[in-house]
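There are two complexes below, and they share subunit A, which is joined by subunit B in the first and by subunit C in the second.
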Partner chain A sequence: MSLRRIGLVARREVRAERGQPDGLVSAVTFVAVLILVESLAVGPLAASRPAVAGALFWIAMAFAAILATSRSFERELEDDALDAVLALPGGRDAIYAGKALALTALIGLVAIVGGALSLLLLSLDVALPGHLVLVTIAGVLGLPPVIVLFVVLALRLRSRGALVPILALPVLVPQLVAATNGTAAAASGDAAGAIAWAGLLVAFALVYSVLGLTIVPAALE
Partner chain B sequence: MISTTAKTTSALRARPFLGAASIVALFVALWMALVWSPPDAAMGNVVRILYVHVANAWLAYLAFVIVFLASVAYLWTKRPVFDAVAVASAEIGVLFTGLTLVLGSIWARPTWGVWWSWEPRVVTTAVMFAMYVGYLLLRNLSDDLERRATRAAILGIVLVVDVPIVHLSVTWMNALHQLPSVLRPDLQPTLDPSMLASLIAMTIAFTFLYAYLMTARVDIERRRQARVIEARA
Partner chain C sequence: MNSTASLRGATVVLGDRAVIRDLDLDLMPGVTVIRGPNASGKTTLLRAIAGLVPFARGERDVPVPTLFLGQRAQLLRGLSARDNLRFLAAFRGASPDRVGPALAAWGISARDASRPVETLSAGQRRRAALARLDVERCDLVLLDEPFGELDDQAATALAQKIRILAGERRTIVIATHGHPELDPSANRVVRLG
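Showing the complex of A and B:
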């Protein structure tokens, strides 16, 4: 697996998204609607508590990431482009890392919009903004390695739209708990807690990245 | 391409003996758990649920570790027998994880005062149950033998991460659930000897039952694989 090929796949993904940004648009719209609906359902007063606001944000982010990743692979299948990438020397190995890299950037953009919306709608006071950014970056890093893995496993299967969340969400539970607690810690001024949760999120991202790089090539047909 | 035939293996020949051993061991273990071992000083006779509950949980761990090992073996060798072992073990694991949750809930009502508690061991076990239901779902949505086996093997490897999380959750986090009494890091069980003996007897009986169910289910899966190959030929 070469870094050049990973970069090629990632750049190709970014170009495709720039040309036809339906993954980004649908993920941003989805995260905004979900944050709004969730906040209304639990009540704005309850939703503005740091732990609740964090949980609502990260649940919305997980679903938005699943949506964006699924859309990315659907586009490949619609264009019959996936087979061409797999046929390239090293393509099978590079596609997981390239996709995960590009989708991290895309989900990062979704997090900026969703985070700004949460802060605005719920009038959240954040005691440690720098730590909140750190936790958000770590949380965003933790999503694509898991979600790309499960989207690849469900590729070309019937009912894959339902299957991916069923498979991915239970595995994402530790990341969602860590991201929620880290967000709440940053919002309430617990610097050590925020750093510890961010570290845990980075560790999860590394573990699943290694796992994905090792076994995903076997799953791609 | 997968090529397979349903052969009479030594495992199949052992099935009647495993069935008989399961029945005998279950009777002995039930007698020890219900009659021979004393009631608990604090819980009274409610403690007897735990003999079956813990044996169920052990079987769930064992089944999912076997799924992992069979998945690694399948990816390594591409031999369909390992895929059959993986699906058999996953189905048995899901069944016994479900029973673990139900029995735990029955035990929790008189002990904790609630049917369900959001405490780490219970929640991580429920998550593990959901993960392996997803594993079976993935298998059922895929028609092609080789692709299904490969995808399921990858998932079987990924999901095993949850097994140590379930077991160690009570030591990592503040929990209502009691700490491990038998599989402890210091290898010093904290149970009364008669209770420990009853628990070990029940665990052995359930392990025989697992082996019996495995031989039966693997046989069914091997026959199914053979039928698919024949239909395709």
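Showing the complex of A and C:
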């Protein structure tokens, strides 16, 4: 596996998203609407509790990440662009890691907007803002390795739009639990708890990255 | 003469149908035309040679750099033709500096080359894809219905390019159900179905 090729795929993805930013726009819109609707559904009092606010934010982020990742691969399929990469030597390895890397950056942008909206709409007081940023970064790192893996596995299926959330969300439950607890810990002033949950999220990201790099080249065949 | 690539007992199953069954094929330098009616497996055969389709049985030996140009242009939307080709060249280790002249040679102006590919016509996208022949310069070139969407001028340029590549001892495999004028100058015509 070549880091240079991974970098090339990631840069291509970022440029394509900049040229046709429908993935980013739809993910940001989706996360904003979902946080708003969720906060109205549970009520302002419940929504401002750290654990509830964290859960609302991370559920919205998981769906937004699925949306952005699916859109990225739809673009690859539109003109058989993916075939050009897969037919290149090392293309199968690079596409997973490169996409995951670029989508981490994209989902990071979504998290910034979604996080700001959550703080505003949910009236959340954060005791440890630095720790909250750390947990958010770790949580964002944990999403793309899983979601890109499942999008690739469902790539040639006609019903992939419905299947990816069904397949990916149960696997994402541990990450969502860790991210929610880490967010709640940071918001309520539990520094050790926030760091522990962030560490667990990074571990999840590493495990699924290795799994993805192992499975995806064969799955793409 | 040594073959550039070969298939031995190749069987490709798509769904519940064996599209290619126990095929032995040696690809030599020069032009090989794959002919056959619709659904005879021409595209599947090219994709199998390119490594894009797994074999149910058999072996594939393709030890040389291979360029597969499918029926669609394989260009990523949101990027310009130039950026698409520069990415593919850099990925393969070819010089991205070849991209500009190659696109110009295929009739894509500098202005069109920098526009997002989704704003180009189908014919322009096809010509931009064909410019990869000049950029990536692979020993084995697989062309699936390459004349589709091309105007007469571009089709003539492609026919000429195929002759040049064959003269350079490259191996060109063309899958098509039309263009019978290719057959007399081809080294081999393979009929499927």
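As a working rule, the second predicted complex is superposed on the first by the 220 of 221 C-alpha atoms of A that agree within 3 Å, B and C clash if a C-alpha of one lies under 4 Å from a C-alpha of the other, contacts with A are read in each partner's own complex, and residues count from 1 in each chain.
Please note the rule applied: contacts are C-beta pairs under 8 Å (C-beta built on N, C-alpha and C of every residue); 3 or more make two chains touch, one makes a residue touch a chain.
Everything numeric in this text was worked out from a predicted model, so none of it was measured.
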Broader residue contact with subunit A after superposition on the shared chain, subunit B or subunit C: C
Subunit B versus subunit C as contact partner of A:78, first or second or both or neither: second
Subunit B versus subunit C as contact partner of A:8, first or second or both or neither: second
Contacts of A:18 with subunit B and subunit C, given as first, second, both or neither: second
Touching partner for A:157 - first (subunit B), second (subunit C), both, neither: first
Touched partner set for A:215, first subunit B, second subunit C, both or neither: first
Subunit B versus subunit C as contact partner of A:202, first or second or both or neither: neither
Partner chain(s) touched by A:173 [first = subunit B, second = subunit C, both, neither]: first
First, second, both or neither for A:88, with subunit B first and subunit C second: second
Footprint overlap on subunit A, where subunit B in one structure and subunit C in the other make contact: 221
Interface residues, subunit B side, partner subunit A - complex: 75, 127-128, 130-131, 133-134, 137-138, 141-142, 147, 150-151, 153-155, 157-159, 161-162, 165
List of subunit A residues in touch with subunit B within their complex: 149, 153-154, 157-160, 163, 166-167, 170-171, 173-174, 207, 211, 215-216, 218-219, 221
Subunit C residues within the subunit A interface of the complex: 47, 50-52, 54, 65-68, 70-80, 83-84, 87-88, 90-92, 116-118, 125
Interface residues, subunit A side, partner subunit C - complex: 5, 8-9, 11-12, 15-20, 75-76, 78-81, 83-91, 94, 221
